[in-house]
Amino acid sequence: MPLALQLADVSRSFGRVHAVSSVSLAIEPGSATALMGPNGAGKTTLLKLCATLLTPSAGKIEVDGIDAARDGGAVRARIAVLGHDSSLYGDLTATENLTFTTRLHGIDGSADRVRGALDRVGLRTVGRRPVRTFSRGMQQRCAIARVLLQQPRLLLLDEPATGLDLAARGMLHELIAELRQKGTTILLTTHDIDESLAICDSAVLMARGRIRWQGSIRTEMRSDLEARLRAIAEEIR
Amino acid sequence: MSREGTQSDNIAAAAVAISMLVALYFVLIAVPNDAYQGPVQRIFYIHLSMWLPTFAAFGIVGVSSMLFLWRRDRRWDHLATSSAELGLLFCTLGLATGCIWAKPIWGTWWTWDPRLTLTLVLWMIYAAYLLLRSLATNPDQGAVLAAILGVSGVVDLYLVNRAVYWWRGIHPAVVVNKGGGSGLQDPMMRITLGLCMLAFFLLFSWLLRLRVRTARIEDDIDRLRHEVLSAV
Amino acid sequence: MLAILWKDLLVELRTKETLASLFLLGTLLLLVLSFAFDPSHPLHEASAPGVLWVAIIFSGTIGINRTLLRERENDCFAGLLLAPIDRGTLFLAKAAVNFILLTVSEMFLVPLFIFFFNLPFLATIARLILIVPLTTLGFAAIATLFSAVSLQTRAREIMLPLLMLPLATPLFLAAVQTTTALLSATPLDQVSHWFKLTVTFDVLFLVVGWLTFEYAVAE
């Protein structure tokens, strides 16, 4: 079975800034990996590269064995992204936003399914309200509902818990657990060590665009992980 | 820089200098006054000589933009930028000399002669190209965006040409036809024109070469600087 | 692709923002330009085609920027970029939306134009029915491509017209010339060369846009 995600010597620069330098990763299907490191380490850039939102300056990216450069569309059909911005159209209702996504991705967007997804995130009653009127937590929950509908094989999350209330955060963790059970691979960036330990079974530590450490993690390793992160932060100062 | 490189540079520079001097001599001294237009007509030779560099530059911008988008080799981008800058320069000079010539001869600064109009549109595209590069939020992306403009410009050029000519075709010519570069009876005048065009084209090529080299060096310096600063 | 069309039109229907600005701006320009040319002067009638197209093109330029700008809110554009379609198709969808929006606004502007310039209503509509959509198509294509380009610059509002208008010269000239001829009841075959030019322009920029859109929206 092909690796869920494989990066071979991937680099990406913006002008003269090398956001990502020679990164190689091999991520097994069904695993959950945390991408950690100080600000400016290149985590978000790496995530965007995996999502085909950016193209690498060098190197190859493969999702489920598909070359992202060759067949971006096929890669995008297998992934979903949950980021800072909800990517929801403020003037449309939650239902309409979700229906749009299903149509865009060519997946089953029947009214029942959409309603079901909204129900699961607790937004059934506000399904007909424009997203503009939602709080950030509600918007993120709507985005979660969207991921539920997409049922991706690879889920990319960019500091998803930022600004979420406890209820929404719980929902997010539930979603991740549920998807993992179905075999989805998870890759998330986070600053929160506890979150990464709770959700993920391996971690990749980055700084200045390069990988400093990667390996599997368990709750017992908390202080160890913390120390590593601190060391990296010191190193680049 | 190798010694051979410097030597070929010197030869090129010398060739340009000599041809310019010869051309200027002809334009200013050797060629007789035009019977009707008087001494002002001399600027005409320079004016016409601006055409070839302007359009050659535009073609270069178009082709190198296309190649840059396709191959992403920065050298094509250097060529495109340099060509655009010089193209703008020669285009401006062409328009300016044209106006200077037109005023005493035709009595107007500007006419909507198809060639002039085409050149003006070209000028705007050049200017937009350079402005786009400088205003882009990300310089690398700016090069790509400008390349899109470059490609669009060159494929559009034929259409602009047709449109502008048809436009003026319907209306009666406001002024006597400029003579399209011919209408110069005296062989001496034709020689002068030829020399002038050659001289300015050599000048353009030489400047282009220098400018491309400068762009490449700037790029290298930039890259080195960042490599040094970000070495951890 | 249809999905995008559906969504964009739905958003538009909700807010009517772009349509309103297109129409109002166009009307404003018609008004101002009418002031510029004294109505009693014979020049007024001769200027009619020019006035119409200036109004359409300038209001269109400003209005189209809006459709792409709206995608930037909440980074909705990322949503589009994550769709399993290629960038070329995305371009065509966006261009189609812009085309529809422009056409709808023209459906209001052209009658207004006829009204201001005292032209025979049905006859004018019949004469212009071909050239207006053809020109609008090319305009939508070039505007969609370059609004994506100008979004990545620091002076967005200025960049779009600056980039587009010199390139759109053939389109504009063709439109005005054809309109002038058609309004004075010139037979179609005399202006066929302009039609061919417009169609060539349309095809050309739909292709260029389709090929280069991915570079225009990349980061």
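Labels for the chains are A, B and C, by order of writing; each one numbers its residues from 1.
Note that contacts are C-beta pairs under 8 Å (C-beta built on N, C-alpha and C of every residue); 3 or more make two chains touch, one makes a residue touch a chain.
Here the structure is a predicted model, which means the values were calculated and not measured.
Engineer: Determine, using the mean of C-alpha atoms as each chain's centre, which chain is farthest from chain C.
Structural biologist: Most remote chain from chain C, centroid-wise, comes out as A.
Engineer: Using mean Cα positions, find the chain sitting nearest the overall protein centre.
Structural biologist: C
Engineer: Could you please state the distance in Å, as a whole number, between where the Cα atoms of chain A are centred and where those of chain B are centred?
Structural biologist: 50
Engineer: Measuring from the mean C-alpha position of chain B to the mean C-alpha position of chain C, what distance in angstrom results?
Structural biologist: So the centre of chain B lies 32 Å away from the centre of chain C.
Engineer: Which integer distance in Å separates the CA centroid of chain A from that of chain C?
Structural biologist: Roughly 39 Å, centre to centre.
Engineer: Counting only residues that touch at least 2 other chains, which ones in chain C make the list?
Structural biologist: 218-219
Engineer: Note the residues in chain A that touch 2 or more other chains, in rising order.
Structural biologist: If we look for residues of chain A contacting two or more partner chains, we find 14.
Engineer: Chain B: which residues touch two or more other chains?
Structural biologist: Residue numbers touching two or more other chains: 138.
Engineer: Help me check something: in the complex, which residues belonging to chain B touch chain C?
Structural biologist: The contact residues of chain B facing chain C are 69, 121, 124-125, 128, 131-132, 135-138, 141-142, 144-145, 147-149, 151-153, 155-156, 159-160, 162-164, 166-167, 170.
Engineer: Write out the stretch or stretches of chain A touching chain C in their complex.
Structural biologist: It comes out as residues 14, 51-55, 72-74, 76-77, 79-81, 83-92, 96, 100-101, 103-106, 130, 139.
Engineer: With touch defined as at the start, can you tell me which chain A residues reach chain B in the complex?
Structural biologist: The contact residues of chain A facing chain B are 13-18, 208, 235-236.
Engineer: How about chain C: which of its residues touch chain A in the complex?
Structural biologist: Listed in rising order, the residues of chain C that touch chain A are 2-4, 6-7, 10-11, 14-15, 73-76, 78-86, 218-219.
Engineer: Spell out the residues on chain B that touch chain A in their complex, using ranges where they run on.
Structural biologist: Residues 138-140, 222-223, 225-226, 230, 232.
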